[in-house]
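Both complexes shown next keep subunit A, but they swap its partner, so subunit B is in the first and subunit C is in the second.
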Partner chain A sequence: MTLTGWSGARWAFTSSRIRTVYAYRTDVLIWLVAPAMQIVLQAALWRAIYGDRSIVDGVPLAMMTTYVSLAAIQHLIGWDDTTDWLIERVRDGKIGTDMARPVGLLTQQVCGQVAQLIVKAPMVTLLLPVVILASGLTAPAPGALGPYLLSTLLGWMVNCCLSLLVASVAFWTLELNGMEFLYYVLSGFLSGTLVPLWVMPDWLRTIVEWLPWQSVVYTPVAIYIGRFEGARVWEAIGVQSLWLVLVGGLTWLVWRRAVHRVVVQGG
Partner chain B sequence: MSVRSSIAWQVKAGGILFGGALRGTAQYRANLFLTMAAGAMFQTTGFLALWVMLARFGDIAGWTISDVALLYGIRLTAHGLWAVPFNQLMDVEHFVREGTFDRFLVRPVNPLVQLMTSRVRLNTLGDLVAGLVMLGVAMSMVDVDWTAWKIAFLLAALFGGAMVEGGFQLGLSAIAFRTLGSHQIRFTVDSVFNLYANYPGTVFGRAGQWALTIMPVAFVAYLPASVLLGRSGELGVPPVLAYLSPLIGAAIFAGAYAFWRRQITHYQGAGS
Partner chain C sequence: MPLIETVDLVKEFKRVRRKDGRFGGVRTLFSRDFEVTRVDDISFAIEPGELVGYLGPNGAGKSTTIKMLTGILTPTSGHLNVAGVVPWRHRERNARNIGVVFGQRSQLWWDLPLMDSFRMIGRLYEVPKRRYQENVDRFVELLGMASFLDTPVRQLSLGQRMRGDLAAAMLYEPKILYLDEPTVGLDVIAKERIREFVDELNRDTGTTVLLTTHDMDDVERLCRRLILIDHGKVLYDGPVAPLKEQYAPHRELVVQLASDTDVNVDGAETVKAESGRVWLSFDPRETPAAQLIAAVSAKYEITDLSLTEPDLEGVIRRMYLERESR
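So, the complex of A and B:
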């Protein structure tokens, strides 16, 4: 296959998935209501918890509310419906058709995630006015914008791999009700979206630091607010890259095995 | 007909139908515990986050972790109390769209009872168990003298809170008879309760407290918990509202049921 054929097939697949996601744009918009309410809630909670204190652990209140609001948005961008989609395809046997396509199954999933990002990222920016109003979003720390964007991209990629790993469970169990939402809630905690890592007690922070989820949300947002400085920024981005290689490799291995598990029912 | 429309008959029929649905669900034992655990975990993550915050900061708007745990336990138990029997409301639009609601109308049992017992989902039982555990632990931790009247008020408040949330979900699900869809609005309202009913209203200032009282999210847990903790004096709304919270739940539920009865006549069957 020529290079143009290679990328052409992938783009054709991605754009068809974009149209699928876009068809449900009203659902996506309504789906933004709950996160908007959550951002307002989080800002109010932190304002109440800070009370009369202006700085805690070297973090002023405005920095904290910026952190939790931005973290909520980053976490939301990472939410995708790959797991539910895959479970349905495996359960009703349509996965057989998917596997017969000239583009590999794993590649199709990655294209699907890119498609979701392309549709959802602009929609999620609709939350920005809410964020600015509720939390008084501050500008990024000096010189942090570039590393923040790079770190966000890496975090999104790690998240894609983690979602694919969770989704691959469907090949073995066939039935996984509500698993996706539960995973989203748990990852909200482990990624530092609900509570930033520096607030956690030492034992909990140590556990969370050794897990991959903190690279998804905590690292980019901590870079944005200037919690990491100088060499620490690049160190954090290095850790993210390491996780990407590890989780990416694991995903590739698991999916290669998983496709051999597929039993197409009624087909 | 008079026998069949009696409440005793409805309860008996409901029990038989529920037993059947429960036996159906109990066939999948591994899935049963997994979904229960998932339900409990989903509901307690928010508390876990709050616990981490309070471990570092001590209190939120003057509420300690045990005070907040009592509030959270009341909310989660009330949520479980409505969600266990009524979680089938989420399927109403499915029955309406497929036209399978027909069969509920031709049988001699209240359609709502049949809907409630059409399937048992045990993830909500996880919510109830987690709520009772949290409530029990919080009751032993808070500085409250549990007199008979306080226990009675707590029980009334739990059922009142269940009826506030359940009433909203029942009323909103009835919209499906006309519009065929009510999922998004029910999901949004559920999010409001899940997000805002779990925290002391003082967090949101005086205006926020009024908004939550009118919505009426505050009646589920914040107002009754304030009464039990002897904090009704610091409320941003008249304390009498807090004492009345169990009755408000009953009123909302009665209104919602009347609305449901009215909307059901708009059901048009399949293919419409």
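So, the complex of A and C:
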């Protein structure tokens, strides 16, 4: 197997998933409209909460609206259909044909996640004007852009692993109906997408800070708006990397076990 | 050396009984309520270039065996070797040696045009560009797919989809082709087209084929060897003809008589009689057909006659029934 063959096979999966996404154009449109609405509504909400005050608890309004808008985008990038895809494949037995491919099942899922990132990246660009108009997006804190992009990438990778972990439950239960929704709600909260961590009561914030989800949304956005400064930035990125190693390793182990005990539905 | 070899292959399924209701998925996860089914001690060896029919009633364990051969399922115990590879241990290496067609589900990309699926598979299996083009051209012609190459797979008819699936499985020229009920639900012409393709493939390129089917015409038309399984065990492994002799030694002579009378001849038994047409069953090892015909025509006036071979369908039916009653 040559290197070009290696990457060619992986690109085949990735591009097939990209095309599959674009085969349903209305879905793509909804993906674009839903976060745009979320951004506009959240900005309006925070403006109303602030009222006449320009700073609440040391956080200026512009910082807050920037936070929630970026968090929505971050969440959009992280929200992928790996779980749905896998559940469907396990449920109707298509997982069997997936497993008879010369590329491992876990690799195929990662290709799928990369495909979704490729689809979403240009969409984020389209969303930017909405964000600037609705929330008056502030410029990144001085020197924060580079670390922000790095942190976003790490956050995306941690999120990929977390999705894969949740999805792998389907191998044991053959479905995920209740859990998937539970996860969606919880991750929105734990990642700091709905409200920033500094708004949470101390006990809750302490719990959330010890969980991996804050790496996905809170850390990169906090870096962008300058909540983290100087050494704190690199400390936060270090924590993200640690989570990536931990969650990534766990994902790899769980998937190896899952694949050995796969049950293929139907004759 | 055999290309496919299984020795004492066992697969035990512990399938968790599903829980219904709210959070059924979560509750099932913690459930210890199992159903057990199994494939028992399956041993066979298939040489390169063979075309073998792998038969058995529903739930006999055929698909389970195929899934183990493709590396999808991990056997509980026993040995398994496909072209020098242990499928479940080296799933990806095994995948390059085999082509698989499941009649019940497609390996094609559902939302994309058929041609796109071919392109994906070409890349996935790293088929050199020229080789890929030659194979696509050949299969498109052989299977008559030119008219629907640009149609999304979800819009294809079953027959078209099956042809696409077959081509997809053979694009990278695997040594082995597993066909799991490839003709299920197809019309007569579509079936024949698939059979012709498989037959040619086996003869021209020496591709080893393992075929699972409920259609005995598939078997009679294609297979020189049969492996029959039931309740997860091998019942018969060998050529088609001896099986017929063993389970259906009798042949039938159908005669049309000039007048409506009973027929009484030595060595034959009347099975059915209907307005001058009489069905006689006889054992050709005791009474050769020519002798019987001579005997009947000496006693009665015959206007027409025909001899029928026992068909495989009847043979298999008898085998299963015999086993069930035991």
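Everything below uses one rule, namely that the second predicted complex is superposed on the first by the 260 of 267 C-alpha atoms of A that agree within 3 Å, B and C clash if a C-alpha of one lies under 4 Å from a C-alpha of the other, contacts with A are read in each partner's own complex, and residues count from 1 in each chain.
Assume a residue touches a chain if its C-beta (ideal position, glycine included) is under 8 Å from a C-beta of that chain, and two chains touch if they have at least 3 such contacts.
Not measured: the values here are computed from a predicted model.
Participant: For A:Val245, select first, second, both or neither according to whether it touches subunit B, subunit C, the two together, or no partner.
Facilitator: Neither: A:Val245 stays clear of subunit B and subunit C.
Participant: Looking at the overlay, what does A:Met200 touch: subunit B (first), subunit C (second), both, or neither?
Facilitator: A:Met200 contacts subunit B only, not subunit C.
Participant: Looking at the overlay, what does A:Ala44 touch: subunit B (first), subunit C (second), both, or neither?
Facilitator: Touch partner of A:Ala44: subunit B, not subunit C.
Participant: So, A:Leu126: does it touch subunit B (first), subunit C (second), both, or neither?
Facilitator: In the superposition, A:Leu126 touches no partner, neither subunit B nor subunit C.
Participant: With the two complexes superposed on chain A, say which partner A:Trp172 touches: subunit B (first), subunit C (second), both, or neither.
Facilitator: A:Trp172 sits against subunit C, while subunit B stays out of touch.
Participant: With both complexes overlaid on chain A, does A:Leu153 touch subunit B (first), subunit C (second), both or neither?
Facilitator: So A:Leu153 meets neither subunit B nor subunit C here.
Participant: Contacts for A:Ile55 in the overlay, against subunit B (first) and subunit C (second): which applies, first, second, both or neither?
Facilitator: Neither partner.
Participant: I'd like to know which partner A:Ser16 touches here: subunit B for first, subunit C for second, both or neither.
Facilitator: In the superposed model, A:Ser16 contacts subunit C only, not subunit B.
Participant: If you count the residues of subunit A that each partner touches, which comes out higher, subunit B or subunit C?
Facilitator: Partner with more touched residues of subunit A: C.
Participant: Quick check on the output: what are the common subunit A residues between the subunit B footprint and the subunit C footprint?
Facilitator: Looking at subunit A, the two contact sets intersect at 175, 177-179.
Participant: Within their complex, state which residues of subunit C touch subunit A.
Facilitator: Those in contact with subunit A are residues 13, 15-16, 18, 22-26, 28-29, 58-59, 63, 67, 70-74, 88, 91-93, 95-96, 98, 100, 102, 104-107, 109-112, 116, 119-121, 123-126, 152, 181.
Participant: Taking the touch rule as given, give the residues of subunit B at its contact with subunit A in the complex, in rising order.
Facilitator: 31, 35, 38, 41-42, 45-46, 48-50, 52-57, 60-61, 123, 184, 187-188, 191-192, 195-196, 199, 202-205, 208
Participant: Please name which positions on subunit A make contact with subunit C in the complex.
Facilitator: The contact residues of subunit A facing subunit C are 1-2, 5, 8-9, 11-13, 15-16, 19-20, 23-24, 92-94, 96-97, 99-104, 169, 172-179, 260-264, 266-267.
Participant: Tell me, which parts of subunit A touch subunit B in their complex?
Facilitator: Subunit A residues touching subunit B: 27, 30, 33-34, 37-38, 41, 44-45, 48-51, 56-57, 175, 177-179, 181-182, 185-186, 188-189, 194-195, 199-201, 204.
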